[in-house]
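Got some structures for you, see below.
Heads up, the next two complexes both have chain A, just with different partners, chain B and then chain C.
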Partner chain A sequence: METVINDYISRELVQDPALLPLADETSLLETGILDSLTFLRLVIFLEERFGITMGDADLLPENFTSVNTICAYLRAREPGKRQASRG
Partner chain B sequence: MGDLPAERLLRNLEGAAYWAAAAPVLARLPAALGYRLACWRGDWLFRRQDGKRSEIARNLQLVLGNELSPAAAQQVTRDWFRLRSCEAVDVKRLRHGARPLRRLVEIRGREHLEAALAAGKGAILCTGHFGSCSSGFSVLHASGFPVTAIGRWHHNYTAGLSAAERWFWDRVYATPLRRHRQRPNIEPWPGRFDVAVRAAAALRANEVVTISIDVPPMDSDRARAVQVPFLGRQVWLLPGAVTLAQVTGAPLLMGFLYRAADYRHQVWEISAPVPVEGETATAFERCAAELSAAIRSSPAHWDFWLTRKPGHGAAGYGTGSLARLGLIPPQRDSYEMDPIG
Partner chain C sequence: MAYLLQRLLTEAAARQPQRPAVASDGCLLTYQELDRLSNKVARALLRLGVAPGDRVGILAPKSAAAVIGVYGALKAGACYVPLDPKAPAGRLSHIVQDSGSAVIVADEARASQAAILAGSVPRSRGVVVAGVPGRPAGEAAVAAAQGAAIVPWAAVAGESGEPLAQEFSIETDLAYILYTSGSTGTPKGVMISHRNSLTFVQWAAAAVGLSEQDRVCSPAPLHFDLSVFDIFASCRAAACLAVLPSGAATFPVSIARWLEAEQISVWYSVPSVLTLLACYGSLAQFDLSGLRTVIFAGEVFPPRHLARLMAELPHCRYLNWYGPTETNVCTAFEVPAGCWGGAGAGPAPIGKACANTEVFAVTSEGRRVCRPGEVGELYVRGPSLMRGYWGQPAETSEALVRHPFRDSCDELVYRTGDLVTLEPTGNYAYLGRRDTMVKVRGYRVELGEVEATLYRHPAIREAVVLPVPDELLGSRLRAVVTADGTGNLTYQNVLDHCRQWLPGYMVPDIIEFREALPRTSTGKVDRAGLAQEQHELEPAADGRPDKR
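Then we have the complex of A and B:
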């Protein structure tokens, strides 16, 4: 999962080559990789690639700080994990 | 060109009284009489507010140059005051499902909006700070097009306003408009990175998302601004409307709300979809050209002729817009503007 997301961000969203190769813990917000429109592209990519739909409650900055936090957020969305966290 | 504190206080009191007491009465009169009285108030302000009047005239000259004769510039300036007075009546006519205002607004190009929504991907309505666009959005919503606006409520971001003043402007200005929106305004702000995603969610729900493209980019957005011809100069603007259309597949329409010569009737002119294929900057040039043409044809409709004192407003939004766009030189001392007018 990390590789897929890192590849997409590196290929499609990173404008500054100096940020490559992108580390999974690099801050996407502080480095300016994510702005309003690149965030939209990322959300659409994640929804299509992982078959999910994100609502307003999912759009928290802390979920998208880095590749690692995105993966943690996606893993937490997995049905089993959700039920476990509720139960 | 600054004014004395006492003058400013009187001006603010007059503006508050007009919005809170006079405009609601004018909105209940027959439209011909109500808007005529609003124009008289505009004429009175035109005669009385020397600072604003001369600044608008100077900015018209700086931007449009010889396109306007001195007499025409004078007429545009007077119209600018009239239109802002009429806007208050528009907002107050949004009661009863906006029927009192809807009767006065013709929607030309309705078929383009209908066709866009029939395709199920929503529609992006691109405009500028032109005419009574905010109440115009409310009219569209009340006419059956679910509207969500990208934009800020100015009174929430104007520096130096007390909490009571913000509450007041929210009550008299924002509340009637907000009643005719599908969801709360999507308000851009430095560090708020979910604006486009929320706009995309509205489009996905097959709503009409409105965007004003003439706002000077905030410092945090400068990297994604593009330079396009606008009012005879090369100006940095944000092409977000086009990018949003490209990413979501929603059609992008241009829309301008014109007030007729009788001041009470208005016409929404909504275009067919603007092509957005290819380079973002190239597609956005078309939008900027449309807005530029609308401003040249009806300059009094554009809100930005009166600049605001630098620093008057958070993050530079709405402050000295002409200078920030690069249309006029940076202001040494520009006129301080009321939050609404």
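Then we have the complex of A and C:
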């Protein structure tokens, strides 16, 4: 899972080649890799790749700090479980 | 009444010297401080020989330093040219050279980058660093290894903050040039004069009822015309411009938390940011009772997300503003209180003309649209219209044309390229484009510019770019390319090539490789066929928030 997500971020979201290769513990926020546009692309990728739907309880900064925290968060979800979403 | 944009600041500083003008990244500037600091920047620019009409680049994210730079450039009689710090070097270099920006104002962190950019312009005069008091000077300001000379913040801060002895500009002079996507392959500069801008600014401040009690935020960067509202209309009312920190802008919940903490009263953004807030912002957890007005512009707000936002924040006033960069905002619609629409409701209309502006639509047969249901291209007339595209007289004369129904009218009118229909209420409703321009998160993207960039790749023979509708992004971009067989064509080198020339929102999300592009019977690339294919491949591709 780490490899899949790291590959996607490295290929599609990293603008500055100096940040490659990307370590799984590198901060995606401090490096500026994630901004409002790349963050959306990442969410769309994760939803499509892992067949999940993310709600507002999922899209928290602490879940997206690094490749490692994204994976930890995905593993903590029950497989295929829909998160509670309002409205 | 102010007739120059910088007068908004000097008047606000005289009226409300101690009111907060800019709150950014923990730094708070009063109107008196902003006025004095921008006088210092203006003096530093004049010392470098900046003369009325000169272009001055601004290389900084929206921040206290950027606002000081903008007003400093205007006070020196110059026209400012925003340079997006996130854009690739190749694009910035083109904009600096095309506009002939011989001086760049940058924040501390970008002084060296600015020196290299400014150095690429013939007869470059240097870089002026804009900073804020109490912040340590960065290393960058000390010396630039290459490029133009840098005037460090310490030297700028040593200039007098007293008012300048004279105004260097008149109201028909250019105030700024905003570069936007150009269909011929390079960005084009929209030239806006003080009078053009003030027509919008004065109207907007009155329409929103801005006062010195307001705290105004727009996440739009300087090169996006939405920023004209928070930078200038706030000043008109001596309200506080609050800058959303880039860290908070990434996550919807962080934006909501910041709105509560900063007590933002007026918000102006593209709908996609509001859609994210409504769907993922956990708005019920926050006290947003101070937020009184929400304004959106730049793209269509999907009706059910607007309805959801209005249900989450029922106390706010909702305004839909419309207008290409070339005209400033030219129509407006106030969404009636209560929930928008209901099942099957369409998007909110773009409304009716703003004060001092005429809008009308022209059918494909050249008749004026006057009955509800008729469809036509929207035209705009009035003092808010741009002066033209910088250095592009042919493109200017295609966009600014003689009034089709008033022979005696010498004033030119602007063809928007937007198709609209007239509703029975007298409001115009947006239907789509006449050409291949699309919106990605409110940013204009000319598909032709992305295609022209792909064609510059040495191993690509043919390229076509298609929009894939997406409710969060507006559109995702899908490129279909064929190899010319001579060079190395890989996914990665196409992506890298695009990133070298295009800002992030213009880089294709999907890149497909084909042996050949499908053709219509007349030999043209079959765009409709390719779009249909996309629809069949991914029937749910446009339904993102629908999945829940």
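Note that in this section the second predicted complex is superposed on the first by the 78 of 87 C-alpha atoms of A that agree within 3 Å, B and C clash if a C-alpha of one lies under 4 Å from a C-alpha of the other, contacts with A are read in each partner's own complex, and residues count from 1 in each chain.
Here is the rule we use: contacts are C-beta pairs under 8 Å (C-beta built on N, C-alpha and C of every residue); 3 or more make two chains touch, one makes a residue touch a chain.
Everything numeric here is computed off the predicted structure, so don't read it as measured data.
Visitor: In the superposed model built on chain A, check whether chain B and chain C fit or clash.
Guide: After superposition on chain A, which the two structures share, chain B runs into chain C.
Visitor: With the two complexes superposed on chain A, say which partner A:R11 touches: chain B (first), chain C (second), both, or neither.
Guide: So A:R11 only meets chain C here.
Visitor: Between chain B and chain C, which one contacts more residues of chain A in the superposed model?
Guide: Of chain B and chain C, the partner in contact with more residues of chain A is C.
Visitor: Is A:A23 touching the first partner chain B, the second partner chain C, both, or neither of them?
Guide: A:A23 sits against neither chain B nor chain C.
Visitor: Once the shared chain is lined up, is A:L40 touching chain B (first), chain C (second), both, or neither of them?
Guide: In the superposed model, A:L40 contacts both chain B and chain C.
Visitor: Please indicate which partner A:M1 is in contact with in the superposed arrangement: first for chain B, second for chain C, both, or neither.
Guide: After superposition on chain A, A:M1 lies in contact with neither partner.
Visitor: Select, from 439-447, 493-501 or 511-519, the region of chain C that bumps into chain B once both structures are placed on the shared chain.
Guide: 439-447
Visitor: Could you list which residues of chain A make contact with chain B in one structure and with chain C in the other?
Guide: After superposing on chain A, chain A residues 15, 29, 32, 34-37, 39-41, 44, 54-56, 59, 61, 64 contact both chain B and chain C.
Visitor: Could you pull out which chain B residues touch chain A in their complex?
Guide: 188, 192-201, 220-221, 223-224, 240, 243-244, 247
Visitor: Could you list, by residue number, the parts of chain C that touch chain A in their complex?
Guide: So the residues of chain C in touch with chain A come to 86, 219, 246-247, 249-254, 273, 276, 279-282, 284, 308, 311, 441, 470, 472-473, 491-492, 495, 499, 504-505, 509, 544, 547-548.
Visitor: So in the complex, the part of chain A that touches chain B is made up of which residues?
Guide: Against chain B, chain A makes touches at 15, 29, 32, 34-37, 39-41, 43-44, 54-56, 59, 61, 64.
Visitor: Which stretch or stretches of chain A touch chain C in the complex?
Guide: 11-12, 15, 29, 32, 34-41, 44, 47, 53-57, 59-61, 64, 82, 85-87
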